[in-house]
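Below are structures written as structure tokens.
Two complexes are shown next, each including subunit A; its partner changes from subunit B in the first to subunit C in the second.
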Partner chain A sequence: MLKGSLGLIALSSLLLSGTAFAQEKIKVGVTATLEGTYTVLGEDGMRGHQTALNVLGKKIGDKELEFVVASTDATPDSAVRAVRKLIEQDKVQILLSPLSGDEGIAVKNFAKTHPELTFVNAASGAQETTYVDPAPNFFRYNMDGAQWQVGLGKYAYETKGYRKIATVGEDYSFIYTQVFGLVLEFCAAGGQVTNRQWVPLGTKDFASVIAALPDDVDAIYLGLGGADAVNFLNQYQQAGGKAHLMGGSIMIDQTILSSKGSAKNALVGTIAASGQADTWEDPNWQKFVKAYQDSFPESKRFPSPSLLATNYYGSTMALILALRQVNGDLSNNQAKLKDALAKIEIDAPNGKIKLDSNRQAIGTNFVTEVVDDGKGALFSKVVKVIPNVNQTLGYDPAVFAKIGLPSRTVPECKKY
Partner chain B sequence: MSLLQSTQFRPDPSANATRRAWIRAWPELQNPAAWLVALILVIMPLIANGFFLIEIFATTLILGIIALSLMFLAGYGGMVSLMQLTIAGFAGYMVAVFGISGNANISLGWPWWLATPMALALATLFGTLGGALAVRTEGIYTIMITLAIGAAFYYFTNQNWAIFNGHTGINTVATPQFWGVDWRSDIAFYYVTLGVAAICYFAVQYVSRAPFGLALQGVRDNSRRMAALGFNPNAHRIAAYAFAAFIAALGGVLQVWNYRQISPGSVSVGACIDVLIIAVVGGITRPIGPFIGALIFVLLRTFALDVLIKFGLDGNRFRLLIGLGFLAIVFWSSDGVIGLWERWRRNASPTQRPGGGRHG
Partner chain C sequence: MARFIERHPAWALIVIIAVAVLAWMVFAIWPPGLEAAIGRKRVFLNAVLNGITLGGLYFLVASGFTLIFGLMRNVNLAHGSLYLFGGYIGYAVSTWTGSWILSFIVAFIAVALVGVILQLAVFRRMEGQDLRQTMVTIGLSIVFADLMLWVFGGDFYQVQTPAWLIGPVQLPLLTAIKSSGEPVYLQYPLVRLVIFLASVVIGVAMWLALNRTRIGMIVRAGVDDRDILAATGVRIQLVFVLVFALGAGLAGIAGVVGGTFQSLSPGEDTRFLLASLVVVIVGGMGSIPGAALGAVIIGLAEQLGSVYIPTYAIVVTFLIMVLVLAVRPQGLLARR
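Coming up: the complex of A and B.
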């Protein structure tokens, strides 16, 4: 019976993919991390995507957008597999993918084997994706991990008076990029980064990491996300940790701040930087938060959209607006669409976004501090807004190239 | 399958000796169902489009090859090795490291005809050494040791940046192109995969009936008696590991050519266990089992999400559907789909001699 129904399924999907072109539809493939450590992030990303569709609608002239979703687990393999399935089986013409850093690098490389299609990055933030050997058909409307840390190092040094810090981060490209941004700025201001610890993505037992945290530092920077961050906080609290904390962009985020249990309370007062701040006054942001809240019942969403929701919203928005500019014209290997995507400037909820010559976003960054709203819910409160952050972080491109690519040990802690 | 196997095909006295030997060696060539399956596989590019050809059938064959190496060890040697995928992944990594890839600081840039044999040789060596460690144990301890090797390799690739490029892995691995053919284009790659799978399948069939394979089955059934007869059980077992490692390595090379990239996710502990699931679901009594198991696995993995959404259910629960599917198969047949098939055959034609024409 099982074999029979499988055959039926295979057959029906064959037939479905055959008839899709009969109507005037534009097929878009979406991937999100709906498995593994980053499941919560993927789910909220999809909420952001859905919010964008609710606000903007699915109509492109007389055509309609159709979305096909595939799941990944933050590993590059799963992303390539999902994207290939979307292209080869579901025949999508445009990709909105992927979510996580290393997935982004793999999908960018894969994009080169399909130059006729268009890839819009959904949320991934590794620097290498658009900085090294970028693919001409890969567009990224969110900033990379280093851009998302702009302002944090200076704020920690000048306002908070931190002089020595240590970092704990997940051992992969996005967090390297985040630590890269932090270290560059903090060390340029005169601070010292004494110790960088790296843990594999999906670590559950942080006991040895917590035991190895140095005591003689002013603050500890946490570059963790999803289930890893919650596990760390729980164990850190049980171990009686009391140090000042600093957070990366997916650490100080609604995916963690609205997690269950009391461990998150260790984060009150933590300073962080990200592409958004939960309590920003800007009317555009407030409108987006309202749209997000109205789109889902309270139990099925976060109190306020996470960075992933904002990124998926922004990339979906850019895609829809660009498609409308060209009236859904995908002829000639989607040349018109690619042109429009490269030039478009969007009024995203988290500030104006435009692309540079590598098709990488130039946008607004926020330094934030975690506050308790009095009812037990945590939010990131904006302390500083920095507009026009580019990928070289304001450095001269030649100087920036000399720093090297983000890795466990790059950049060195010095003034470049 | 036991020592009795070589005697179960009573040759027809009227046929000549050559033909007799031939049939004894390759009984499946007499089975019309086998010819039909072979024919369908050969003309598959006419039936299936690029997605089904590569993502379903070629992937099935690749996973089937890797699971076949486990089936050989478990079915004929009685050794359940969880490191077969690790060996495959090691071979894949070696292709990426010695060959050409987008990570020029790591890859040595050898042409494929040098990089591939090197990868196969190193992976076979790796599997043999792992086997030499594992043969000192039995049963659950073999599983533990091989699982430990798999887990250690996973964490090593995840954290080693000098050779394995950490969590990012190695991207844009070059695939062979010669005689004017891009061997990674869909149809060419399908035939390469099919050819390798067929060679592996027949090699396992052949070895299982060759003196070495029979001795191995003897070791599995009663290693003390075999030792008393003058065989060296451990040497047989290590040789079996070496043979299985070579098969797994072939699968690994095909896998890295298929995805053109490799990263620690490909060699994770979960993926190691997937190979065990494939072999168990298909059935570890017969070389065809792993391929059937791989087909079911690939279909479930690819379509479970779509099926749930089509029925209006929450797509996020698709792992549950996969798990239930496997549970159902293992519940109704402890020796996998092959076992179901055999029972059905026996019930349908009670007069048939058990074991006759079993090689479908």
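Coming up: the complex of A and C.
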């Protein structure tokens, strides 16, 4: 049996290498967080990537795309290690990386040391990545964390009537960016953010954090993701928490809404904002959801793609379309490809996306509310669709620059 | 106790004062000045209780680890995998049968069996060869982690808390007095208290078994001198298998506990391996009371740290470990 399967593997690898001779390959390195707190996010990101390949195919003219996947754990050094390995050992020519905020900043900086290669951001959303000293060969087709919060602050203040909120978030760049977007809009509308708690990525025991939440606020904003979010909700329920909740983009997402157990039910009615909404009726989105569902058996996917799947789909799509425009021409340090990537406008499932002069996406944002579909599955329902959200969130660039970079305490809660 | 006071009167005084201050902070109503300085009493009490209950979980994992190490000098670096495996088994059983209690029993038995197989198939073949054992167990932990990722995927699993354990209870600890003169008592999650009580019961039972029974006597004798014990005719290999099964089973139970008040996912195995390593280094390798003390210290450090110095919370536990290694490298309660 063992011998037989070994023989089969040997035979199939022979066949594979046979096709390799016949066709020129373009090697693309992909990274995803397939370890640690964000494992589920990485897995679904890869599903989005696979869905894009199923829909668009791997052929670029007479060449064929070949993908090499490397795993990271959401820390910047793991991302740089993975990217370095892909470039030096696997000799990839193009990178589709990375997934998480801090990783993005590190990979952008690393990209500058390889100006001849092309980096397409897979899903990371820290503002700094493309806003501060951007790398000319780094392209991001998803919006950043602050853009993904556009609309939430106003909706919370005006429609929900929240006046005072507190935030709990993971202590790293993407969540800083998300809180940045929220605070800016909520405080401009007249709201107050009384308390911002930061917890290390990978916190398991939130009991003390929950105990320290203030009582005198109208709602609590949760900027958590992956295992952290599930642990928080579980312990929040055990502690008998009853406050109104608001959610960040990876908090209100199928990665959490489809988790096993009952903790997620605390989220029903939670308002959030993100680069997508599960129940959007746009035909392009519905087509993508269908393609995602058809690509994997029901037990191996979420009922509906997560934000990460959508981002990986979008970035893979942009790369393939741009490569096709230049017919896979990577000569002259990939100049033609970079040019095409900077100019391309894609019809992504979550709305049209084009890049600004920093090669950062301008796209569509969604305010959502979590609903139960009646059978126990949770989805994010569209409340409001906001097109053409740019990185400065509609502010004048000079004013925006004065606010400062997202951090634990920036921005202050005031009108800029 | 009396001897300790005679020998170190200064230290004894410091300890007594510290205990008195802590007791006052727990039971008294805080004056407004103190609340202004370090925050509300409710937050402090919660952090202390959380630290102690988290210590209960750490104790469950670390006690098995330290037991195995104490008797067999095996550094079982696959202990974290046993924890995670136990958690997954507990999840499967509790969703299948709906019984939380049953999930503990099945997890204990299943993981104990894995422990028996490990001892018979792996450790017995490389007795006394520390380096080989370490390498093999690291390898096994990677293989186990991938197997579990294959079967259960990267999803987060939570063992369903039974309905009667969900929600808070009121503890007879005052946190504040309202302006109307009405006392406010502390609300605390019931499930954490129950789990903590259970780990105390397990700890006491283990201590009694080790110190008051014949088998315990054999195990203790084995810790002191394996060769002489074997020479007296005790079937030492059988004792090894039993202890390994018990240690592994405890890790399995801890997995269900961890899955109930936290969650299970890939990566938890190494986290708990690291936690139990820190706990036994602080408490003393091979000592059950040491594991209990170390677990409570680490639990308290994590929780108080996450409230009062959130930025540096992560390093506090390691600082404690460094301190212990510098001052008392054998661990706080180790005998030698």
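Following the convention adopted for this analysis, the second predicted complex is superposed on the first by the 393 of 416 C-alpha atoms of A that agree within 3 Å, B and C clash if a C-alpha of one lies under 4 Å from a C-alpha of the other, contacts with A are read in each partner's own complex, and residues count from 1 in each chain.
Basically, contacts are C-beta pairs under 8 Å (C-beta built on N, C-alpha and C of every residue); 3 or more make two chains touch, one makes a residue touch a chain.
Keep in mind it's a predicted model, so treat the numbers as computed, not measured.
Chemist: Is the arrangement of subunit B and subunit C around the shared subunit A a clash or a fit after superposition?
Modeler: Clash.
Chemist: Could you tell me if A:Ser407 is touching subunit B, subunit C, both of them or neither one (first, second, both, neither)?
Modeler: Only subunit B is touched by A:Ser407; subunit C is not.
Chemist: Check the residue A:Thr37 against both partner chains and state whether it touches subunit B (first), subunit C (second), both, or neither.
Modeler: The second partner, subunit C, only.
Chemist: In the overlay, answer first, second, both or neither for which of subunit B and subunit C A:Lys352 touches.
Modeler: Neither partner.
Chemist: Just subunit B (first), just subunit C (second), both, or neither: which does A:Asp171 touch?
Modeler: After superposition on chain A, A:Asp171 lies in contact with both partners, subunit B and subunit C.
Chemist: After lining up the shared chain so the two structures overlap, which partner does A:Lys260 touch, if you call subunit B first and subunit C second: first, second, both or neither?
Modeler: Second partner only, subunit C.
Chemist: By the touch definition at the top of the document, which applies to A:Thr203: first (subunit B), second (subunit C), both, or neither?
Modeler: A:Thr203 contacts subunit C only, not subunit B.
Chemist: For A:Ala70, using the defined touch cut-off, is the partner it touches subunit B, subunit C, both, or neither? Pick first, second, both or neither.
Modeler: Once the two structures are laid over each other on A, A:Ala70 reaches subunit B alone.
Chemist: From the superposed pair, tell me which subunit A residues show up as contacts to subunit B and also as contacts to subunit C.
Modeler: 34-35, 39, 43, 73, 171, 198, 200
Chemist: Can you list the subunit A residues touching subunit B in their complex?
Modeler: Touching subunit B from subunit A are residues 2-3, 6, 9-10, 13-14, 17, 34-35, 39, 43, 69-71, 73, 75-78, 80-81, 84-85, 88-89, 102, 105-106, 109-110, 112-113, 133, 171-173, 198, 200-201, 407-408.
Chemist: Under the definition above, what is the set of subunit A residues touching subunit C in their complex?
Modeler: Of all residues in subunit A, those touching subunit C are 34-37, 39-40, 42-43, 73, 171, 197-200, 202-205, 207-212, 226-227, 230-231, 234-235, 237-240, 259-263, 300.
Chemist: Would you pull the subunit C residues touching subunit A in the complex into a rising list?
Modeler: 39, 42-43, 46-47, 50-51, 53-54, 91, 153-161, 166-168, 187-192, 261-263, 265-268, 271, 302-304, 306-307, 310-311, 313-314
Chemist: Please give the residue numbers of subunit B that touch subunit A in the complex, ascending.
Modeler: Per the touch definition, subunit B meets subunit A at residues 49-52, 54-56, 102, 155, 158-159, 161, 166-169, 171-172, 259-266, 268, 296, 299-300, 302-303, 305-307, 309, 315-316, 318-319, 325, 328-329.
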